[in-house]
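Structures for review follow.
Each of the two complexes below includes subunit A, the first together with subunit B, the second together with subunit C.
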Partner chain A sequence: MPPPQFDTGNPSRSVIRLELTAGHLVAALLLILYPFGANDFFIVQIGAQSLLLGTVALSLMLLAGYGGMVSLSQMTVAGMAGYFIAILGTDSYNLGLGWPWWIVVPGSILCATVIATVIGIISVRTEGIYTIMITLAIGVALYYLCNQNYAVFNGFTGFSGLKPPAVFGIDWRAPLPFYYLSLAIAAAAYLAVSYFERSTFGLALQAIRDNPRRMHALGYDVTLHRIVAHVFAGFLAAVGGVMLVWYNGRISPGTIGVGELIDILIIAVIGGLRRPIGPFVGAIVFVLIGNFAIDLIDRERFNMLIGFGFLIIVLFSPDGLLGLWDKLTSMSRDARAEEWRR
Partner chain B sequence: MTRLVKPAVLGAAMLASAAAVGATQAAEPIKMGALATLEGAFTVLGQEGMRGVELALQEHNYEVAGRKIELIKASSNAQPDSAVAAARKLAEQDGIDIMIGPLSGSEGLAIKDYAKTQLGVTFLNGASAAQDTTLRDPAPNFFRFNPDGAQWIAGLGEYTYKVKGYKRIAVVSEDYSFPYTMVFGFMKDFCKLGGKVPEKFWVPIGNKDFSAIIASLPEDIDAIFVVMAGSDALNFLSQYFQSGGDKPLVASSMTVDQSILSSKGRSKDYLVGTPSATPAADVNPLPEWKAFVDGYRKAFPKGLNSPSLFAQEYYVSTKAALAALEMVGGDLSDGHAKFRDALANLKLMTPAGMRSLDANRQVVTDIFLTEVAKGEDGDLKAKLIKVVPQVNQTLGESMDKFLAYGPVGRDNPSCP
Partner chain C sequence: MRLFLLTVLNGLTLGALYFLVASGFSLVFGLMRNVNLAHGSLYLLGGYIGFDVAEMTGSWTLGVAAGFAAMAVLGALFQILIFRHMQGQDLRQTLVTIGISIILADFMLWIWGGDSYQFIIPDVLFGATSIPLMGIKYPTYKLFVLLSAIVIGIGLWLFLNRTRIGMMIRAGVDDRGMLQASGINVNLIFAITFAIGAGLAGLAGVIGGSALSLAPGEDLRYLLASLIVVIVGGMGSVTGAAIGSALIGLADQFGLTYSPTYGVTYTFLVMVIVLAFRPTGIMGRQ
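This part shows the complex of A and B:
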């Protein structure tokens, strides 16, 4: 049996954390100033969408990176939050219950988190590829439920005309407010996950990932830890899902189709599953390629370019873009050390 | 341009200044975006749509009234979200003036809502055919030179009741906005004449096993109205005939599409005599249609043998935009006001006959009533029965009365 790998013992860790803090400041400044150098398309469709998809992918990164559980149903949870926004609130065909926003928004997030918890309870007793299979099965089942149920989910058509409430008299769907709201949510999610990583619970979860049997022997409740991880990840995905439904202004079964579930996995994998910044990097690359590939390669072949780009990233760096970055920095560090020795 | 310049022959200075104005105008190209489904289940249809746009532009040499036209393509996957995302890129990033698209029904509804936020861009529908895209709450800058689903099938309800003599019909249909519109278009006339539709079966797209539906089809019906496309239609038809079904059929436009009629197998023989209606002009070969087919074959040697309905509809929309641009001399400087006026009043001779717009910017067009027949070579073909002339969106009723039917859906209309 391999020994547990707690990465808290890593001596270079404090140095990395210091570097990251400086990096954090620069990134925060850039993100806050970004709308002043961009048009509406870049602010919302590239900027805000990357942040929101990054938030949903972050919930997968938390499960997969710290918990070792690759769940394909994170977009399902996000989509369910979006559906509850429509079902409890108002839409253009008045199919919803029309409750006020301060019940609808927390209620939607709560309901979606409950669904995530149930998914967690069902899936945590499985390992590896079986976790992927069972979460995929749940995702597909809910997709067909939404597609064929007309009484609650309005079937294939879904709901349209879903708008954020005008709290404080601000139109939150206007480009600037929406971008800053997305940024605030993404930043909060990022900080929460960064804290989670170092919290007692987070450390226990990572230990369970590395050696569940030993943790069980030490008296930890492995199943409960995994379920709680699903609850937290589900909450993040739900918040991202509420924002995404406001971004699109509509929701239909296509939002939680198989392709969309896998998109989240792609985002997390190309960004890197090691650290919480990975999903955001992945989301930016994913959104940029998705929007501009058609300009780079004319005609009907642009999806090939998208696939090819992802393939190259995963081929050259199994840890995604973050892994590539780590390799580059460690190479330059080695080079500097070499110079120092001479 | 020449018409502008000719009166100015007297003064060389005037001529020079006019030419200078023309030059600055010519320097700036008109940006046209084309949105079709180049991914997902409707990829082949989307490619056909793009061919329609390209053919129309090629005929004009990518130039109108002295201004170059720059074509920017975008793709969606038939989901409303992806259509809006692609349209956003075209409008907000690429800065297009005119957009042609989208292709499918629910996409059209979403693009109409988006158009309201982009009043600086003029949208011309591609081939999408949901009713409420133009009927209820239309966008002032969204123009549809293509019929909606109810128009597609105009005249079929009456023909079925009066000529074919079917009084009781069961409906088997795919389950989304476009078939709802079609079933409405059929039932409106059929029910008014006294026909009955005791049961409707709604099937999710991509359904493979129809045995449960076939088993529960009522015995006391005269015919089945089938509203399905592609493999869904093929699966239903072969399973129905294999299980010994012998009721005659009434078909939606896509159900007796050439792609299904050309399929192999014995079951298609049952289709002879099936009535249908369609806006596809290949059953009614006008000289304009023949010219369109020749142009299509020359421009796209690798395309289909005969252009599909989607190439036809995208082609018509692009031609309409070009004709209106020609009329206003390529001038969009007044926030498209003159251009939109020209579009609204346009009378365009298209491969599918004369088309013009109503007050909601929705097309008035000819529809072709057909029946499946066996050709000399034994192959099945749709044979023209008659042309239903100049069908409008309200199918000949007044707007108020038509709106009173309410939005189409699974349970509207109903006459059991």
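This part shows the complex of A and C:
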């Protein structure tokens, strides 16, 4: 049965138009000019890595924020895309099939998206916290599979010497091209998710998050909407995963270990799960702490620092740093309104 | 045939170990809807503390008791200090347990380092026992693990089904609000359940650590085992945890014996098949 159509005035224009504010322009300008004020370390290790981790975390934000499905296996999907880059393409030991890049890249993204779809089909049968457990179990099972399987995944060692292809005669591994490629992908993902939020499908998904039974009664296919959300999120994670494998130059089971799966959750939660900018804010904080914790605290204790930070955010600001920001701005707005009233 | 019998026994003993860990996990979830993703950390921490106590006192039995007691206290503290203040917020509680597991994992690495520890088990449990009718010898300690899981399972069943507190816990699983309305201190029941669940993880840490060894990463293994066992068996049911553990243990060992590199994949397959037919697990209720 097709979902009933409601006349909501002129939705195609008013609902779907992206809100491009002054903030967006300033942020875009800053991000484009950033490499000119930074050295290679800050361009790649901090800049590009934040953008790419943010993209993977964005896929989790999409599922959790709009769909109410906290999937811990998004890094697994990203890692699978990375594995397929190695399996289909070339690495330093020539273990892969050695296909040309224009098959390898779309093929890897496609395969990883298919895996995400299967994960979606399995996990959407369950609700709420069951979803966390099942996606975690699937992620760990795939981790053990990659770790123990030598025929396809080359076991514990994984693959190394993976680099982006030289398209248009540009060395994409060089700091500047790699940063701008990451920025373009992250920006496209951000815009796509912002558009998704206001699209008919996105609105239906958010309604399903709030009340699945009512949406079901209205004639919407709840399961299908959730699975399609997993497909879209899987695609985003896969694109991020391809970029991350080029960033690292190597892939091994460690890339999709439980710590790494949970890192993505930490990034999304620290930033905030309400809006697509959250994961990127979280990623910047996470990467900065990761790189500079050594100056604050013994390097060995990085996990304890991040664990306590995460715990404090979860305990005191459930909406992450964005939630804090919203509270501060609304407080200052209230203060200003108060002044004006006097 | 010998190999087959040995595999069955290995599967059952591994299942027994999984049951010890997963029953507490399942109990806590059933009552409080709290997915304790720090459960694996409680297993490992209980094992380490039990090891230290056993080393100091020279008594393995005291080590087991210490593993149970220390984790029971820690579990009750978690419930009283943290989870009590966020009742009904499932997702937030789960995120908090993730935070706790990260901190505990790092803490344990700090204190006990990356080495693996091996318990010295009592002489009675050392060596092998021949099993009548089957004509094979089997390690005594593994039989002890199987036996203790059966005893604890029956004990837990009796506690839940035959005692007053057990009755309250079961009532709380069905309807928290109603239990509170009938004048029962729900917070106390919650703290007791959490203590038992965490204590069982600590106890399993010592018993399991003696069967294999204690090392960083084991927390994760047993968390995964608990997750799959309760997903397969159904949440909040002791019988479900028992069925789930036996299935997963057998799947794991048969996989390991007959196609070594895919052992984990078999347990995963069992999970997917069960989910396809019964999304809430074998003994789970809709």
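We take it that the second predicted complex is superposed on the first by the 316 of 342 C-alpha atoms of A that agree within 3 Å, B and C clash if a C-alpha of one lies under 4 Å from a C-alpha of the other, contacts with A are read in each partner's own complex, and residues count from 1 in each chain.
One rule holds for everything that comes next: a residue touches a chain if its C-beta (ideal position, glycine included) is under 8 Å from a C-beta of that chain, and two chains touch if they have at least 3 such contacts.
A quick note: this is a predicted structure, and the numbers were derived from the prediction, not measured.
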Touching partner for A:Asn303 - first (subunit B), second (subunit C), both, neither: both
First, second, both or neither for A:Leu315, with subunit B first and subunit C second: second
Touched partner set for A:Ser160, first subunit B, second subunit C, both or neither: first
Subunit B versus subunit C as contact partner of A:Tyr150, first or second or both or neither: both
Overlapping contact positions on subunit A, where the subunit C interface meets the subunit B interface: 144, 148, 150, 300, 303
Touching residues on subunit A, where the partner in the complex is subunit B: 39-42, 44-45, 92-93, 144, 147-148, 150, 155-157, 160-161, 248-250, 252, 254-255, 257, 291, 294, 298-300, 302-303
Residue ranges of subunit C in contact with subunit A within the complex: 33, 35, 37, 82, 90-92, 94-96, 98-100, 102-103, 105-107, 109-110, 220, 224, 227-228, 230-231, 261-265, 267-268, 271-272, 275-276, 279
Contacting residues of subunit B [partner subunit A, same complex]: 38-39, 43, 47, 73-75, 79-82, 84-85, 88-89, 92-93, 106, 109-110, 113, 175-177, 204-205, 407, 410
Residue numbers on subunit A that touch subunit C, as the complex places them: 70, 122, 125-126, 128-130, 132-134, 136-138, 140-141, 144-145, 148-150, 258, 262, 265-266, 269, 300-301, 303-304, 306-308, 310-311, 314-315, 318
